[in-house]
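We just call them A, B and C in the order they show up, numbering each chain from 1.
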Amino acid sequence: MSMSSKRKRIDNLLQIITYGAASVAVVILSLIVVFVFKNGSGLINLDLITNDYHAQYYNGGIENVTSFSNTPKPDDLSEDDYYSLKWGIALTDDIDREGKPIIIVSYIAEDSPLYQMYDKNNLDNDSFAIEVENIVQSIKFYEKDSTLSIYGAQHMINELDAESEFREMVFTSLGGGIRGSLITTLYTIGLTLLFALPVGIFTAIYLNEFAKKNRLTNIIRSMIEMLTGVPSIIFGLMGLAVFVPLTVRYTPADSANILSGSLTLAVILLPVIIRSTEESLKVVPDDFRFASLALGANSTQTTFKVVVPSALPGIMTATLLAIGRIIGESAALIFAIGTAIKDDISIFGKSTTLAVHIWSLLTDEPANIELASTISLIILMIVLILNISVKLLSRSYLKRV
Amino acid sequence: MTFRTQFEKELEELKLSLIKMGDLVIKNIHLSLHSFVEMNAELADQIIKDDKLVNQFEYDIEKECMRIILREQPVARDLRLITSVLKMITDLERIGDHASDISKLTIFMEKNNKPFLVKQVHKMADESEKMIKMALESFVNQNQTIALKVIENDDIVDDYFNEVQHIVAEAIRQSNIDADYALYLMMVTKYLERIGDHAVNIAEWVIFSIIGHHRN
Amino acid sequence: MINNVFTIKNLNLFYGKYQALHSINLDIERNKVTALIGPSGCGKSTFLRCLNRMNDLIDSCQIDGEVLYHNDNVYNKNFDVISLRTKVGMVFQKPNPFPMAIYDNIAYGPRCQGVKDKTELNKIVEKSLKNAALWEEVKDRLKDSAMSLSGGQQQRLCIARAIAMEPEVILMDEPTSALDPIATMKIEELINDLKQNYAIVIVTHSMQQAARISDNTAFFHLGELVEYDKTDIIFTTPKKVKTEEYITGRFG
């Protein structure tokens, strides 16, 4: 076999391997995106983001209805929406996540007497009202049997329409919303950055600009580098063992909370931020430092007026990537914040971030793949927006300078 | 490690050209006196033609110096050397002109003029030829001593000139010499004395190229 | 004495064990251009950096001897390095404007010294740019980034930036070696104008440049000052053989 044809075979082999590897990578990544998209896109809507997770139960009572509704059935309702002219409400059949039949309110007329319902559990509740998308569990009448959701919407409407009063209407809010987790994620991002950025950036500035170049500094730097490789679950352990008791002791918290979770995340991110900030600072040419010092500036002025501004694009990128990591971190936060999905959020209380929420959904019986996929889609969108922002910000900053 | 071998070569060639120009000029002096004494008009003609070669030499060497200045940007010793060469070829060219002038006299002379031999004239020619040769040698070898000797030897030429003058004046008083011939002879002698002066100039430029300034 | 801004006495410099400068004695004259020439590695840039103590930035650097600026040794323990550098400016081989607006580059030095008044800064910027022969070219775009200028303009900007501090001495380390011939010529003319008001010390690899623009020339070789004299003398009748051999290119 001559040299050149052997050469050709090697070249071809390498080409196949290269293209093959790339294709495999692209295919796998695409499959993940397609999977998430297929399973999750069904549930995407604005309510998902703004609703509470836990369904709220309401018991509405009504007394002495004097005036009834006059609104005819709106045209945009379909045949499956069963309408009561008297009460100005339309109900329709649907199934919940477990496949059980439910009845959903699809329309309420403005002059519906149902707005006069009061909260049987809390008579002072002025803002009590039934809303579209609420699920009607049952209507209890005075002189006849209650209607239940298994009988269907049409039956319920007919029964309701026949009466001018009822004892109680039991309905629930939709639930399944991720508002709580979203807010938690945002709080977590904010607090983590608040702790990690200043400490990380200034440590990097010290290490790169001011520290003497000796063995001790190198050791410190190596140790920080090693920390970037530590699995985050170990930090979760530390969070549970240190930050939770700490916050419980000194703040209104009485269990794992967002604050302890942010502190844990800050510790995880610190080495990463220090290292990437140092890299950004290293890239700034020494020429700038020399020029500044030769003009009679001292090292502090040189560092903060010339070097750090030059390194800013790199630092910004590092920050935004850190945010990406925060959003994705789940293992450590399972211990440091907890796994209770909550609807009202306080930084001193338990909650879940979006990632932990996904984990929680997947450990349920049965696993809620749909909602998990939807949340994954939302996370992907956030990450996409972040990446685009990084690119745009860097470009606009570089254009200015 | 020395660099600029190309430059060194160019300088050597420059020196060589200068020597060749000097040799030609010396030959012309010798032959022109010979033609005068022999009253050989043909030879004189030849010498006048040959002077064009001397002029060509000046032109060529001058061009070469300009080229070297442009390309090599000489400094210090090299700069002094090049500027000295530029000045020396002027003097050599003037010497060539004087040799040619002597030949022109030969042509003006009529056959019936009676020659009058003065050996000091030949001695002057020999001495000035020697001075030119020494001056150029001192340049090539950058030898200050020899250059100084040239300057001293000008006195010899001047002394000879005075002697010739006395001899011719006496010969005129004694009517031993043809009047026309006497005048021609004095002019030849004057030219030879001027040649000596030019040789001194050359020697002085040599000294400049060595020490970097003119002596006072 | 009064005509000298710097007097250097028996300066020895060591990088660790390696001696880079041997017993340098030199005077830098006011309002003159002093050129430092010599083969690579001969110590001329190292010497230059002693004058504004930029060698301090190299950890292994040790100095022995005196560098007197107006009769004060700059290497004294209590000597104010910052103020020295405002009086002795430096321009580097590769133009290094900050990645900021042209205006901010010039204003950087004065701002670091505490000048805040907008009007005063404007005056300083205009004056410096005019003295660096750059004003006409940039006066309408002072807010543009300095990186948008050509190499030659950037170098003149660096000169303007140094002048903004109103120094007494300007040190230049091969300022034109990265520039094209036209830009080089402009800077050489600028140096000729600048020497009316400043003492200039310039390190250069180009003998022709040294011969063109300097009044005094110092020839360094292997860390020693071989010869220091008026430029005319160095380039027509140098006294030391080594000097002549170097400038005639007989060794590199």
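Everything below uses one rule, namely that contacts are C-beta pairs under 8 Å (C-beta built on N, C-alpha and C of every residue); 3 or more make two chains touch, one makes a residue touch a chain.
Because the structure is predicted, anything quoted here is derived from the model rather than measured.
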Work through the pairs of chains, note which ones touch, and then classify the graph as line, ring, star, complete or other.
line
Among all chain pairs, the one with the most C-beta contacts
A-C
Measure off the straight-line distance from the CA centroid of chain A to the CA centroid of chain C, and report it in whole Å.
59
Dist(centroid_CA(chain B), centroid_CA(chain C)) in Å evaluates to 53
Can you work out the whole-Å distance between the CA centroids of chain A and chain B?
105
In the complex, the residues of chain C that touch chain B are 207-208, 211, 235-238, 244, 247-252
Tell me, which parts of chain A touch chain C in their complex?
213, 285, 287-288, 290-298, 301, 305-306, 309-310, 400-401
Touching chain C in the complex, chain B uses residues 1-4, 7, 73-80, 211-213
Please give the residue numbers of chain C that touch chain A in the complex, ascending.
52, 54, 57, 59, 82-86, 89-90, 92, 94, 96-100, 108-109, 112-113, 145, 147, 158, 161-162, 165
